[in-house]
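Structures follow.
There are two complexes below, and they share chain A, which is joined by chain B in the first and by chain C in the second.
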Partner chain A sequence: MVEVKRSEYRGSIHQRQKDLMLKWYERLNEAAETGVPPTASLMISGNCVELLEGFGAVPIYPEVNALQLAIRHQSLDPILAAEELGYAPDNCAYVKADIGCYLKGITPTGGKLPKPDLVLCNFVGCNTYVKWFEHTAELTGSKLYVLDVPFLREDEPSRADMDYVVRQLKEVVALLEQISGRKFDYDRFVEAVRCSAQVEELWSQIKHLARRTPSPFDAYFDAITLMGPLYVYRGTPEGVDFFRAALEEMQAKVDAGEGLYDQEKYRLVIEGPPPYPYFRTFRDMFAKWKATTVASTYSTVGGLWEFGARHDPDHPFESVALHMLAHNVTNRNYLQRYEQIRRYLEEWNADGLIIHFVKSCRLFSAGQGDMRDYVTKTLGIPTLYIESDLEDPRYFAEAQTRNRIDAFFESLEHSKLGAHAHA
Partner chain B sequence: MRIAAGVDVGSTQTKAVVMTDNGGREILARALVDTGANVRKAADNAFQAVCQAAGVHAPEVGFVVGTGYGRYNISFGNAQMTEISCHARGAHFVCPATRTVIDMGGQDSKAISLGKDGQVLDFVMNDKCAAGTGRFLANAAEVMGISLDEVGPLSLRATRSVKIATVCTVFVESDILSYLAQGKKAEDILGGVHLAIAKRTLSLARRVPIEPAITLTGGVARNSGMVHALEEVLGTQLQISPDAQFMGAIGAAVFALEKMDQSFEFSTWRPEHASGSGH
Partner chain C sequence: MPTFERTFELCQDLLADPGFDRVRQWKDAHPGARVIGYFPVYAPAEIIHAAGMLPVGLSGGGDRVDIQYADARFGSFICSIVKTTMEMGMREHLQLFDGVLFSSICDSARNLCFVMKRNFPDLYLDFLHLPHNPSSPASVDFLFSEYRRLIRELERIGGNKITEGALREAIALYNRNRRLIHELYAFRSQKPHLLRAWESYVLVRAGYVMPVEEHNQMLEESLEHLAQRSGKMRDSIRVVVEGAFCEQPPLDLIKLAEDAGCYVVNDDFVIGRSWFVEDVPEDGDPLRSLAESYVNRAVYSSVRHDFRAPRWEGLADKVKQSRADAVLFLIAKFCEPAYFDYVLFKKKLESIGVPHLLVEFEEKQFTFDRVRTEVETFVESLVFD
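So, the complex of A and B:
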């Protein structure tokens, strides 16, 4: 069989990330056993985690739980449990994995997950969220609040949209006060917004290091490692420390001229989430060709900070609202996503685009065929379109996927060498 | 005299070609065996058969490139390349004017856009579904009790082709049974089946620029009904080589010769790509 090259960056931040995420699960386990600290279920996209800090509350991210299960090859059982309940094969596999976990009492680490004090559906871009969290609330018996974030219809949100979201954020504060019995600590909230702004600055600097050749890290696979702390710890001093250390570590690699391989042969942009059940296999398919991802849209689901957006402690509620409305990839339209990808391809100096279509996420994936046309025909940049799923292992065909990826790199290589050989 | 070989281990059949470069590149022999369950054995058999047909001893073959899904199971191969690259190179060798390759194999169909030197510019493949592949045709033939060789010529006699609504290789059977129950003629049903596959292939091919000359490769190219249906939906003539089925193996052999010429040096030749040592 084919041998694969497992060449990658394993820095101290990868271990620190593990420690931080484990600590998060320990706090959730503590909440499950003692009822303290209070918890709220949140969605990743354009989340408002800073608000929870004002209550000393801890976020539960069902998406993170789902992907953690998938990466540990444990997602199929809960998916099947949800399908037995009546969920269709085409339903979002994240939803099914999460619902199945509740049904079967499965957690990624084996510890307990608390019944959330509030199921806070920060509906940003993905309308599946609404039904998902309705089901979660029904299963857990928790209070549900649907924080309706209007889709971004122009370049910037209108004043009315901003007011609408701010008003809802304040309703959430009142609701959380009532549910948790804790008074909202405004100063702590502002401090969280300040920490977020610092983390976002550090994260942005990290992402800009990938413009260097060679890039010191993979802005897809390694970025995913950093995304856990980005969502769980963004509004905390621990988050600031983590991202400062990450930046220093990567800057040192840049200073030493170190990339992922002895020679970085290809620079890619990747669109779409990864096939988590085959995360390692998928990464190796690129490592074999010494390809580094220099930018990815998936790493901007939580926020689009490399283009300048920041939370603002001087306008905490407004900046949280603006973040939810405008500064994350899922609440923006396809033309805006095209523009984001174009900038990555040009400013991060990439050789090609990989589009990973997620079978069970029609909302995020619909339109990627047109995106492929735009990038290949209008921008003239080689693009590979592959299909599987982010959570359901049944949709991943290893031989087919490998074949397409190998063929893509062969064509990149031939076009580089072809001119020379046939000159 | 330089001798090289290409072995294309497909899902249904394994094809092998021996080529020589003696001032000009020339195909010495071809061999075809059913792949069956033992992929490694199929590759061995095809290689032995093609060497025998070419009148060369295996050790005389300087370089072997494997392609197709079973390529990593070729114990004697020096290197592997995807069938996308190989079909493109094969089509370019046989018909240098080729700018688009439509390949219809047993479980894959693909459209490849080529540069003037035969390099792949873009490609698309069917995903997770056998609609529009040889398998769709084989299922239709089976349910109608007609041999695969006959379905093409029979479909050409269609006067009122039926509409096959489904693109699903499994559900097409119930569509056909329903038409048979209605008393529709076999040729009209097959006309509809061929047209359904052709339309499916067209929608795939439209995702890459379809530019002439268009060369049809893969086993399905032997089916005259499929060629007719594709030409009808494309509105243009296809290049059909008697070697259509061998195009992947030919491309692999061309790459092998180029390796021996050292006119091309890919990183795909790295040792980790080859599971066995060469001769």
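So, the complex of A and C:
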């Protein structure tokens, strides 16, 4: 019997992350109380938070609210409230939790959330986003703008794709000026783009540290902890400070040869969002086998920077557009995701791929059977396919998931032993 | 049986044929010419036609294709049409096709495009991004560029050089086609006892697999004959069907709704065939006219987002114009766009006092007893209200 291990990176960064996120909620509370600062709802994927900085506006991310609720085991009630309204069992549970919270007046910290001055739907690959924000606008009575980002259907975005997004970004600027009564501060926007480029560089360096053996952190479970500041503070000096400190801490662990365990036994890549309602339980299922995730696709939802892309303060609007079009996993096509995974498996030196099918999210999950076929048959890498949900606790079959994960590692162990025997 | 009455059976045979024999006949008669399929909901068939190619609407496998391989590629919680389309590719039912187009309707269909690309490398597979921000003047320019990209691709895979003249001619033919479909719908709305919903449905959907010229002729002849039909009004309620814009319900389900006491006086079956509320302008730059029509002259649909004119207002207008008593939501299992829209449609209908019933379906559904009881009970509750 293998002893159950718990793993988690808990340096000073962990606490700083909490403080930053609480401060964000305080600002939202302030906006709800006083109407200042202006706020806009945004989606995580390929977001254009830098534009809001040009107005001193604060983003509201319903996805962050929803996942926090699920981690605290509080998502089922709002989901049921939304289903009473007519949402189907097969609708995205993030949306249902968010709508349910609105109906029941639930917020992540107990403070107030403001009515957004603008519901700004950055439609970046996820069709659910458009529906979700349309419903939000209908419920709250806030103004809606759908920023339509063409899907990446060829290797790179075309000139026409870029022009289309840049023109819409400028429409958003005009609209926010009108709604907030504030003049767009172009210099502040450029500064935000500059901060983003720095944060992206630091974040990318952190991710590349996971190529070391042992990896100093888990690039799925711990990366999620760092993702909150990445979305809320990317375009700010606070974000730059935070990620600089994070890199220093991680680098110190590398220098000391520290990993998550006394010995890192397996290196994994994970595809798909996590089961937030069972986040801890799920993590422990891997910790038991001393397995570390060295790369994950989910941590590139907000932006894919480990292969070199950065915002560019010399071309601020264009680089925000390019980020939305091409440098986040959700607006990239399915085969580009296969390629991303292939690079992770090879360059981060992983033993296997875990595919977590999430019933809420067809963007991630529709076609993952084919992905498994590609990774196992074409690449020859062991793959485990498991199903549950990212928000709805009713779809997590704990015993079955544990059995499948155990069986996967037993077979990996067996093949590693076999490889040693042949060596 | 009079010759005209056989038309419906012939159309029914056409859409029950997983081997696309009608398309094969066209290909045999046009050596070297290409066939381009398009996944629902809408595609600019005019452009394909102008390249001298045959545009063919795909509509899944219905109840004729058993899924053996596609489940392993797409897993649980994914709608049936995505799986049967994949299955048709894996079982070589799509061999007649030189290419297939997809568009930005939902996440599952989009991923299907790229999964098919990996599995069928010889097929030209393309994804059209149809814009979701019609309020922006930039969206017409963008779609114009997207259509120009499509033209380059079609010419590359062996289509004729697409001229303005050929595009104009195609637009005129498809305008005619849409007008005839609108006439058919108007006839049914006025005289639902003389044209059943399933008959109208198969007549329109037959256009998926035949050249538009032939379909126009078929519709013209049908309209002439329909004017001669006679029959008695039944004691049925008038309903609008909403939600079946992509995956199509089994024919038996459409028949059942009518047998259970509904006149389906309007619906969104194969709605891509009558996508525009007005003609696409036949003068000016034809490609720009097509793009501009998509942005400014399209029907409301769960896969097209236009926050200048909410879709729930569109449904309310449709109910009013059709003088409908109720709305029957026919929603394909796991169809997320339809599920989402249901919530806001429902809210609107309740605010204006229009009763509604939700029925979920799957392509391969074969028992309808429960649905029959539901629809009958619903109808009775309205008739005896």
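One rule holds for everything that comes next: the second predicted complex is superposed on the first by the 414 of 423 C-alpha atoms of A that agree within 3 Å, B and C clash if a C-alpha of one lies under 4 Å from a C-alpha of the other, contacts with A are read in each partner's own complex, and residues count from 1 in each chain.
Going forward, a contact is a pair of C-beta atoms (placed from the backbone, for glycine too) under 8 Å apart; a residue touches a chain by one contact, two chains touch by 3 or more.
Please read these numbers as outputs of a predicted model, since none were measured by experiment.
S.K.: Fit or clash for chain B plus chain C once both are placed on chain A?
M.R.: With chain A aligned, chain B clears chain C, so fit.
S.K.: If we overlay the two complexes on their shared chain A, which of chain B and chain C does A:Ser415 touch? Say first, second, both or neither.
M.R.: Only chain B is touched by A:Ser415; chain C is not.
S.K.: Of the partners chain B and chain C, which touch A:Lys265 in the superposed model: first, second, both, neither?
M.R.: first
S.K.: Once the structures are superposed on A, label A:Ala407 by its partner contacts, choosing first (chain B), second (chain C), both or neither.
M.R.: In the superposed model, A:Ala407 contacts chain B only, not chain C.
S.K.: Should A:Leu379 be classified as contacting the first partner (chain B), the second (chain C), both, or neither?
M.R.: neither
S.K.: From the overlay on chain A, compute the angle at chain A's CA centre subtended by chain B and chain C, rounding to the nearest 10 degrees.
M.R.: 80
S.K.: Once the structures are superposed on A, label A:Asn127 by its partner contacts, choosing first (chain B), second (chain C), both or neither.
M.R.: A:Asn127: touches chain C, not chain B.
S.K.: When the two structures are overlaid on chain A, which partner does A:Glu387 contact: first (chain B), second (chain C), both, or neither?
M.R.: both
S.K.: Check whether A:Asp90 is in contact with chain B, with chain C, with both or with neither, and answer first, second, both or neither.
M.R.: In the superposed model, A:Asp90 contacts chain C only, not chain B.
S.K.: Given the superposition on chain A, which partner contacts more residues in chain A: chain B or chain C?
M.R.: C
S.K.: After superposition on the shared chain, which partner residues are touched by A:Ser365: those of chain B (first), chain C (second), both, or neither?
M.R.: second
S.K.: After the superposition on A, what does A:Ala397 contact: first (chain B), second (chain C), both or neither?
M.R.: first
S.K.: Aligned on chain A, what is the least Cα gap between chain B and chain C? Give it in whole Å.
M.R.: 6 Å.
S.K.: Identify the overlap between the chain B-contacting and the chain C-contacting residues of chain A.
M.R.: 359, 369, 373, 385, 387
S.K.: Spell out the part of chain B that touches chain A in their complex, as residue ranges.
M.R.: 69, 72, 80-85, 115, 117, 119-125, 127-128, 207, 209, 258, 263-268, 272-273, 275
S.K.: Going by the contact rule at the top, pick out the chain C residues touching chain A in the complex.
M.R.: Residues 71-78, 82, 104-108, 110-112, 114-115, 117-119, 126-129, 131-133, 135-139, 141-142, 145-146, 149, 305, 307, 310, 333-334, 336-337, 339-344, 346-347 of chain C touch chain A in their complex.
S.K.: Over in the complex, which chain A residues touch chain B? Could you list them?
M.R.: Touching chain B from chain A are residues 1-5, 265, 288-290, 359, 369, 372-373, 376-377, 382-383, 385-387, 395, 397, 399-400, 403-404, 406-407, 410-411, 413-415, 417-419, 421-422.
S.K.: Over in the complex, which chain A residues touch chain C? Could you list them?
M.R.: Against chain C, the touching part of chain A is residues 85-88, 90-92, 95, 123, 125-128, 130-131, 134-135, 137-138, 144-148, 150-151, 153, 158, 160-161, 163-164, 167-168, 171, 333-335, 338, 357, 359, 361-363, 365-370, 373-374, 385, 387.
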